[in-house]
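Down below is the structure, laid out as structure tokens.
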Amino acid sequence: MENVEKYYGAFHALKAVNLTVRTGERIVLCGPSGSGKSTLIRCINQLEQVRSGRIVVDGIELTAGPKNVEAVRRNVGMVFQQFNLFPHMTVLENCTLAPMKVSGIAKAKAEETARKYLARVRIPEQAHKYPAQLSGGQQQRVAIARALCMNPRIMLFDEPTSSLDPEMVKEVLDTMIELANEGMTMLCVTHEMGFARQVADRVIFMDQGEIVEMGEPGTFFDNPREARSKAFLSQISH
Amino acid sequence: MIRPFGIQEFWFIILAVQWTIALSAAAFAGGAVGGLVVALARVSKYRLLCLPALGFIRLFQGTPLLMQLFLTYFGLQIIGFGVSPWVAAALALTVHAAAFLGEIWRGCIQAVPEGQSEASWALGLSYFDRMKSVILPQAARIALAPTVGFLVQLIKGTSLASIIGFVELMRAAQIMNNATYSPLKVYGLVTIIYFCLCWPLSVYARRMEGHYAALATR
Amino acid sequence: LTLKEIKDKGTITVGSLVDYPPFGLLDSNGQAVGYDPDLAKEFADSIGVKLTILPVTSANRIQYLLSGQADVLFATLGITEERLKVVNFSVPYAGLEQFVYGDKDIAITDKAGLAGQTIGVTRGTTQDTAVTAIAAADTNVQRYDDDASSAQALISGQVPLLGVADVAIGQIEKTAPDRFTKKFLLRQQAQGIVVRKDSPELLAAVNDFLNGKKKDGSLGKLHEQWMKAPLPDFIENAEK
Amino acid sequence: MQYQLLFAPVFANMDHLLTGAWITIQLSFVAMILGLIVGVVLAFAKTGGPPPLRWLIDAYIELVRNTPFLAQIYFIYFALPEFGIRMTPNTAAIVALVVNVGAFATEIIRAGIESIAKGQVEAGVALGLNRLQIFRYIILKQAVRTIYPALTSQFVYLMLSTSVVSVISATDLAAAGNDIQQRTFTAFEVYLVITGMYLVMSLGFSGLFRLIQRLAFNYPLSR
Amino acid sequence: MENVEKYYGAFHALKAVNLTVRTGERIVLCGPSGSGKSTLIRCINQLEQVRSGRIVVDGIELTAGPKNVEAVRRNVGMVFQQFNLFPHMTVLENCTLAPMKVSGIAKAKAEETARKYLARVRIPEQAHKYPAQLSGGQQQRVAIARALCMNPRIMLFDEPTSSLDPEMVKEVLDTMIELANEGMTMLCVTHEMGFARQVADRVIFMDQGEIVEMGEPGTFFDNPREARSKAFLSQISH
């Protein structure tokens, strides 16, 4: 990601952002509300178009044309704050839709894969329920399984636990930790500092559309360099 | 005896617009009052109010306006309350409007979040104050667009009053068509007039809808 | 209402068509004029009451009378058996000749020719009754709400044939000259003024009025004025 | 003057009325299905098609929404033949109904599509689905569920508006009623009976729609 | 509150709940989602009707008849999770509506009172804005001021901070702490343990419609008696 600039109308949402993520790296993004964290990761799979700059994912230049966008989306899985499960489909159907329609995989095969990932996020028994019948934590784990079914090489998480009840945060974080331990490349917006300390290779702190600070979690949390980072950290651990 | 479609015929039709407007206005005014009552009865928790309101809505939304007009005009005469076509048309359209507006407004009242009622209750407001100061003003904002939308439907609906011989726009057109045998000119003109009446309202309704959506997503 | 009640009230409500020139139409002031309204005016004068014209629709004419909205109908109603069952007719005061009429190229001369044809009529008129009576099983009769619609159906080619009265034929010829011809005469139809069965004195008054006007020739004059033709013989001589 | 209600002639002609009612149901049903298809296609085109297409659709919707159905049906039956398009009355009635309900359905379905949370589309995009797939598999069913009440009342309204198609000599229930009342001069009674029949049909349609709703949209909504 | 039983249809939401609150007491209610916390406090001002049992507020028996309900509602203020401000009224109008309509206080007087309480929740300058123009924390403080304008003797809070962004939680809690320090009787559903420790006289833990444990905050947090309380506490402070 080189020199990426993003505007919403006149609003400058990302300012000359540069970021390189290596395969297998696990990155946590944090920063105050409105700092551009979501915008940044949404640019990676082109949910938002950038004004200028280059984004290269897995050797493919996203910003070069619509063909590339297709290819990149297949390799990038995304998990949203609001889960965004499809309420009119069962858990299994949620997981098999994209493999069947996008990759053209046969139904039986797609279901097999789906069950495998549902087992991995520990809810194999919920396959035939509808999203609304699950708790928030279960829903978010389905969302993770759904993304995994496309065999992505990178996973993006946008505040995956912040609309969950406190009791459910842990089960989702555990799933994410497992995933991290298996070597998945991950970019994760979250304020869960415990998680960041445990798995992140790097923590990135953003404010007002800029990357303000970047570093190992230990260093960042205990010894932030910038004034803005300090202010932020003191606020969220009041 | 046939005569060409001339300036005089043109004016005859144009002038009939006043009756279409008068009929729409009367029905809308009456329907608004009735609709409010029906809507409030419909959201009431008392079955004794709720069920009759529901029955009223089902009955008048479930039968053609054409028949309602006819039965009102001749039915009133038969039971001994002879009224002019104008009164009968206004009455039938009023009841029709009350049923539709009642149903539209019920939805709008129910679209006001439950928390608003709860907060009013917790503050000790009476039913009357709760409705007047809290619920209805908010419902009204949601209701504006669909209500104007219904007004368009009502204006078009007045064209059916021609069945009882009331001379509004559509009936005037029929009369002129029978006199001139120029249906394309006559009905073309009438269609344009209806469009001119309704289109500004439709545009306004959509503008309001967008306005509300913008407010709601804030 | 009985005749006496009408006289006490001082006004008579007459149902007339206003969309059927020259029998009934609206003048430039929106007043009902024509053969029917003018005759009604003279009748009201003759019994010494004021006249209110109630414009009625051709489809629901009789309902206006039956339900009591109108006291009497001067509404170009043809005298038929069916109608006589529910209302009373005066002596004839006008007559129409009804034809099967249609595209020049269609060669039909009698009712046998209607087999397999599509023919339009105005719903509930005496042509409707007549055409329905002679139509073959495979004749497709299409009924429109008023004469202008039937005429438009013919002119726009939706139907090739029409069961229609001479008055309307005159109008069609002006709009679309030389496209259609009369095929054969359906029947001669006499029109009467209509009152409810429960008002015999009113009927008598109407009959007296009409017979008087026939005798002194003034009915013929009024007819001449509006129809540009004398009262047909079969009406002039009809006794009822 | 005492008006005597005479229902005997009406009931004597009940078969005629029932035939008319059956035709009304058929007209409504066919028009409904076709109108729904028109609505779905146009709503899809309108929420993402090229601007000229959207303007065209807008013009169509505005024209239909702001003029009386009576005028539309006159135009289709009496004026189109001048351009060489000729239809039987019942076909013309269906076409007019489809044109009419199609416009309303487009607007309703569009509103439904716009009411779907943006996250649903984003989730689809993130999974790599294309625009048509997102519409077909993700949006459509949810959209129709949200606007189902509006859509069904529009359809009932459509069924009731078929009562004016008799002006072009279509043979629906209202036309059957007109024919009978012209022969028996019991207009009030006839209209009373057919009003009752319309009521039964609209309640029946509403019931049918509720049944369809229960069968087709049985997925639970969020708690 | 004696032996209160509440059903939603067949669902038994409150089971033989007994609770006495003394004047000036500050109580914090906690427990897992769905345990009946909201139901309990909503019964106190009759937002929900109970099936059986007695509720006496300030000497007036609520469950005895509609007259009493009116009287009690005036003495009980409530603050909701979703603020529930009236969006079509300015802050000031929100605060003066009930005093004017319910207590029949003149406009000038009502506005004076409202301004006093707005000053107390530290947003006197926002009086003429509309709720949508305020941040969540500010809105919740307006809601508190609005309830205070009726001079309630008891204040109920239903998770007042749980739909706020983390940065705004503190400002609302501070307002509540002040209120507590002034001696207001308070019943508060919250998971903010810091707040509970600081101000609560008693913490009540509910589960499945029952009061499971009740005690001083110190004892409860550091040394819960019941297994269910322990499980819950360990979950929310993971």
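For reference, chains read A, B, C, D and E in written order, and residue numbers begin at 1 within each chain.
Keep this in mind: contacts are C-beta pairs under 8 Å (C-beta built on N, C-alpha and C of every residue); 3 or more make two chains touch, one makes a residue touch a chain.
Here's who's who by UniProt: A, E = Amino acid ABC transporter ATP-binding protein; B = Amino acid ABC transporter permease; D = Glutamate/aspartate import permease protein GltK.
Predicted model, so just to flag it, every value in this text is computed and none were measured.
Between chain A and chain D, the least number of touch steps comes to 1. With steps allowed only between chains in touch, the distance from chain A over to chain C comes to 2.
Among the chain pairings, B-D comes first (most C-beta pairs in contact).
Comparing the centres of all chains, each the average of its CA atoms, the largest separation from chain A belongs to C. Distance from the centre of chain D peaks at E, each centre being the average of the chain's Cα atoms.
A straight line joining the Cα centres of chain B and chain E is 45 Å long. In terms of their C-alpha centroids, the spacing between chain C and chain D amounts to 38 Å.
The mean-CA centres of chain B and chain D are about 19 angstrom from one another, to the nearest whole unit. Averaged C-alpha coordinates put the centre of chain D at 51 Å from the centre of chain E.
Not a single residue position of chain E touches two or more of the other chains.
With touch defined as above, residues shared between interfaces to two or more other chains in chain B number as follows: 70, 74, 77-78, 183. In chain D, the residues that reach two or more other chains under the touch definition are 3, 78-79, 82, 187-188. Contacting chain pairs in the structure are A-D, A-E, B-C, B-D, B-E, C-D. The touching residues of chain B, counted against chain E in their complex, run 113, 115-116, 118-119, 121-126, 129, 133-134, 137-138, 141, 215, 218. Contacts from chain D toward chain C in the complex involve residues 1, 3, 77-79, 81-82, 86, 89, 166-169, 175, 178-179, 181-185, 187-188. Listing the residues of chain E that touch chain A in their complex gives 32-33, 165-167, 169-170, 191, 232, 235-236, 238.
The part of chain C that touches chain B in the complex is made up of residues 18-22, 25-26, 28, 30, 54-57, 60, 63-64, 67-69, 146-149, 151-152, 155, 167, 170-172, 174-175, 226. Taken together, the chain D residues at the contact with chain B in this complex read 3, 5, 62-63, 65-71, 74-75, 78-79, 82, 153, 156-157, 160-161, 163-164, 174, 187-188, 191-192, 194-195, 198-199, 202-203, 206.
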